[in-house]
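Naming follows writing order (A, B and C), and every chain is counted from residue 1.
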Amino acid sequence: MAITRVVMPKLSDAMETGKLLKWLKKEGDRVEGGEILAEIETDKADIELEAFGSGVLRKILVSPGTDVPVGAAIAVIADPTEDISGALGSTAAKPAPTAEPKTGETVSISPSSASQTAPAVEPEAEPTPTGRVRASPLAKRLARESGVEITVLKGSGPGGRIVRRDIEAYLAQGKRPAPVVRPVPLRPAAATAVGPEVEDRPLSSMRKTIARRMAESKATVPHFYLTVEVKMDHAWGLREQLNRLEGQPKVSVTDLVLKASALALHAHPEINASFAGESIKIHRRVHLGIAVALDDGLITPVLRECDAKSLSEIAGEARDLTERARTRKLKAQEITGATFTVSNLGMYDIEEFSAIINPPEGAILAVGSVVEQPVAEGGQIRIGRRMRLTLSCDHRVIDGAMGARFLQTLTRLLEEPLRLILSS
Amino acid sequence: MLLIRRFEEKAAEMYALGKIGGFLHLYIGQEAVAVGAISALRPDDYVIGTYREHGHAIAKGSDPNRVMAELFGKATGVSKGKGGSMHLFDKSCHFLGGHAIVGGPLPIAAGVGFAINYRGGDQVILCFFGDGTVPQGEFHESLNLSALWKLPVVWICENNRYAMGTAIDRFLARTEIWKFGEPYGIPGEALDGMDVLAVREGVARAVTRARAEKRPTLIEARTYRFRGHSMRDPSAAIYRTKDEVEREKQRDPIVLLRERLFSQEHLTEMEWKTLAEEVEQKVQGAVDFAESSPEPPAEWLVEDVYRATKTDGAKPWR
Amino acid sequence: MAVITYREALNQALREEMERDETVFLIGEEVGVYGGAYKVSQGLLEKFGPKRIIDTPICESGFTGVGIGAAMVGLRPIVEMMTFNFAILALDQIVNHAAKIHYMSGGQFAIPLVVRGPGGPAHQLAAQHSQSMESYFCHVPGLKVVRPTTAADAKGLLKSSIRDDNPVIFIEAETLYPMKGEVPEDPDFTIPLGVAEVKRAGRDVTVVAYSRMYYLALEAAEELDKEGISVEIVDPRTLRPLDKETLLASIRKTHRAVLLESGAGYAGMGAEFAAVIAEEAFDDLDAPIERVTGANAPMPYARNLERLKTPSKTQVIETIRKVLA
C-alpha cells in the first residue's frame, strides 16, 4: 500500500503559491521515486518537482498554468489497482505553522517590568484648562500624594518647569522652605489673592468629573425619593457593646448601614440594578460605594462583594478605604464598579437629605444623623434614638412599592441589629 | 551513507511540507566524505563542521531521531530546538557543531587541538569545511597556527567545486586546494571524495599523523553535491549545467560502494534490501519522533543565554 | 591591604588564578617574552612557562577562536587583546561564536572565556587606537562586559571574570595602568560581577561614571563640594549585567542623573542607563536625565582637538549645574 499524495512544495518561507507549468508524466505512467514529475514556477525560479514515492501516476489534479497554494494536492501516485478515493478531493494540507509566536503565551523577556503607581484620584485623565502642565515627574508625584493642585503653581525650574522645591514651598504655606544651597535664587510659590471681589477657582479634575456626572444624573434619571425613620436604640446599644470588645475594628453607624444594605439588597435584588437601555441589569453581587468627603470634593471608593462579608470585615475595609481616599492612595479599580451607594452626612448633623444617584446605579441611600428625640411608645413619651434614611430611586428601574419594600427590610435589619451579626 | 542519504531526502520532503523552516543545506552526494573520514576516528576524537553538517552529526553518532527533531525545532532536538539545521551540537559524541559563518569553526578547531595538547591527550579533531572557505582569512590563520603550534587537527576541505553559486575558478587564484598547506609546511593530499574507502584510508593516515606526530594535514576530498546549495537553490540551477549534474550522479558514492560490494560478493541483493528497509524505518521513525515531540516551552527563550555561575552578584541579568 | 598600581593588581589576579586553577592560561600578542605590550603579564612566562603563557602571531580572529575552542572542551582561556581596537578583527568569533554557542547548543557547551585588554582613549593615539568598545559588546546577549575603575576593582573583577563560566569582555584602560590604589591582599578577594559601587555618597545629583571617567567625576565633585553641591558617584563596574538596584536607589535619593562616558555618545552606554532610569525611576526625577559623552567624531590626532573630543571637568560641572537649575 503506497499512496503518495504529491503536493505543491514550500520552497521558501515567503512562498505561498506556485504555478504548475508542465507535467512531464501523464496519468497511467510509471513513476520511480526521484524522477521528475513536473515543472513548477515559484517566486524565485522554475524548479523541477521530483516524486517522493514510486508507483503509477494515477491522477493529475491540476492542469498546466494553474496557481496552486503551497501544500495543496496536485497529483496522486499509487499502485495500479489501489483505491485512491481517500487521497482525492481532500482539501489542501494545513499550511505549516508560521514562525509567529502564539498569542496568549506569556513570555517575559525583561526580568523586571516597570512598576506602575496607579493614579489615586482622577478616574479619567483630563487636560487642565490652562493647557499642559510643565512639571518634573517628581513634582507631579509629590503634588498628587499631598493633594496639591499643581496647576495653581508657578514653576521655578528651567522654562517655568514646576519642580520639587515648588511643591515643598507651597506646602510650607509661604514660609521660606528649608535651605537647600543652590546657585539660583528661589522664586516664591503662587501667593493667595487679596483684594478682588470674585475669586475665580479653576476646576480641578475631580470637580469637573463631579459636575459632569451629577448634572447628567439629574438630567437623565427620573429620581423619586422615599424616606423612613429608623428606631436606632438597639443598633446604638449593639454598636457600643461591639466597640468595647478588644481587638476588633471599631464599628460606626455607617458600617451598620452598609451591612444592613448589603443584606437588604441581597433580599431585594431588583434594587441592586441598573438601567441598560433595552434591559435592566440585575447585579448578583453587591458592591457598595461609600461616599467620602474630601477637602475639595467627594470620592466614592467601592467595597466589593459585601454580600459575602461580615460586619467586622466591612468595618475594617471601609475604614481602610476611607483613609486611603483621604490620602489619595486609592487604586483605579477601587473607585469603580459600585452597584449601590451609601452616603452619610450624619456626622455633619444633617438630619435628612436627598442624594443624587451615581449612574449607572439604580439607587442611592442618604443617611442622616442619629438624633435623640422624644418618641411615642406604648402610649408614653420617652427618649429614643431616631435616624432618617432617604432612598433616591431611578424610576426606570425601581417603582415606589419596590423601593418601599426594600426600605422595610433595611429598617427591620437596623431595628433588630442582631440580624446583622447572624447573617453573613 | 544510505542512512544519511535517506535522512536528507526525507528532510527535503519535510521542508517542502513546511515542517522545517529557515535554511536547509543537504549533504546528498557528499556522504562518502563524512562517513569515510569519521569512520577513521575513535569515539573520544572530535569533529567540527559547517552548516551542511547533518551527515557529520549522524556519522559521529548523533541519534537521527534527535537530529530530525532539531530540524523540526522541537524541544527534544539535540540543541533543544534552539539551534536548528545549521547548529547541531552533540557533546555526548564529541560533535562540536554546526556553524553558519564560513571560516568560523576553523580557529575553534585549532583551539580544540590546542586544548588536547595542553592536557597531554592524544585525541584528534577533524575540521570539515567547503572549498568556499579557502579564501577566508581564518583558513590561513588557522592553518598557520596548527602548523606553528603542532596541533592534532586534520583539515578536511570538501571540494564540491561551488561556493553557493560561484564556481571555484572564479574565487580561487589557484584551485588545487590540497596544495594550500605548503606555505605552512602542512602535508596535503587530494582524495576521491566519492569513494568512501579511499576517503577512509586517506583520513586514517592523517589521523595517525595528528595523533602520533602532532602534525596537521590538509585533505582535499573531491566531491559533488547533487542538490542545490540549499532548498532555495534549485538543483538544475543557473550556475551549473544539467549535464554536469547528471554526469556526476553517475558516481553516486552509495551506488559505487554497493556495486563494489556486490562484485566482491561481500553483499547480497537480499542483504541490501534488508539494509534499505531498515534505513527506511529508521528515517520514518525519526520523522515520527520529531512530529510527536513538543515545541520548546516559552521559558526556554531566555534560558541558556548565560550559564549560571557562582561568582555572580546574584542580580538579574540585563 | 597593599597599595599597588592597577597594572600590578591585574598581574596579581592573573598569577593567583593561574596558580589556583591549572586550566587557566593566557594567550595573545606579546604576552610572553615581551611581558605584555603594557607589561600586565610581566613575569608570568618565567613563572608558568610557555605551555600556559602563549605568544601568538598577529591573527586576532584566529587566536580568539583558539580560546573559544579550548573553552568548549574545558579549559579557561584568557585572551589578551593588545588594545580593544584590535578586537574588531575578532568580532565574528566573539559575537557569533563565543556569545552564542552555549545558547545554540541548548546549554551543552559553556564558553568560560575572558577577553581582556585596554580600551578607550589614551594620548594622541588617533582614530584607530582610541575607541571605547563597550557598547558594541553590551549589545550582545550572551556576553558579560566589565570595565574596572580602581586597582581593587581590577583585581577583584578579573578574578571573578576568570572564574565565571561565561564569555567576559574585560576592558581595562591604558591611562589607568599606573594608577595606585588600595587592594586587599587576601588571595580569595573577589568582586562579584553585576554589582555596582557607590564610590562617593552625595545628596543632590547622581553621576554615573566608570573607568577613567570616574576620576573626572571625582574632580568635578570635589570642586562642587565647595559650593555646597553634594555629588553622588555610582560606578556600575559591570556594564552587563547591570546592577539596576544600586543605580535606581541612588536616583531615588538624589532625583537627578548625569551619565558620563568617554566614548562617542550616540548609542553609547548612557543611552541604555538613561532608558533604565526613565523606565523605572520616572516619578523620582526632578530634572531630565543628562549625558556627558565624547564627541561624535573619530578621535583626532592634534592635542587640542583630542581634548575637545573627550569630556572635560568643566563640561561635567556645567551639566551638573544644569540639572540643579
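By definition in this document, contacts are C-beta pairs under 8 Å (C-beta built on N, C-alpha and C of every residue); 3 or more make two chains touch, one makes a residue touch a chain.
Not measured: the values here are computed from a predicted model.
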Far-end chain from chain B, centres as C-alpha averages: A
Comparison of A-B and B-C by number of C-beta pairs in contact, larger one: B-C
Chain centroid nearest the full-protein CA centroid: C
Distance from the mean Cα position of chain C to that of chain A, given in whole angstrom: 48
Euclidean distance of C-alpha centroids - chain A vs chain B, Å: 59
Distance between chain centroids, defined by C-alpha means - chain B, chain C (Å): 39
Contacts with 2+ other chains: residues of chain A: 112
Where chain C touches two or more other chains at once, by residue number: 244
Shared interface positions of chain B, touching two or more other chains: 316-318
Touching residues on chain A, where the partner in the complex is chain B: 7, 9-13, 44-48, 52, 70-71, 93, 95-97, 99, 105-107, 109, 111-112
Complex interface listing, chain A residues touching chain C: 112, 114-115, 117, 136-141, 157-158, 163-164, 181-184
Chain B residues touching chain A - in the complex, by the definition given at the top: 9, 13, 15-19, 21-22, 231-232, 234-238, 298-299, 301-302, 316-318
Residues of chain C that touch chain A when the two form their complex: 227-229, 244, 255, 279-280, 282-287, 321-322, 324-325
Contacting residues of chain C [partner chain B, same complex]: 25, 51, 56-57, 59, 61-75, 77, 92-93, 96-97, 101-110, 141-142, 144, 160, 163-166, 190, 192-195, 238, 240-245, 276
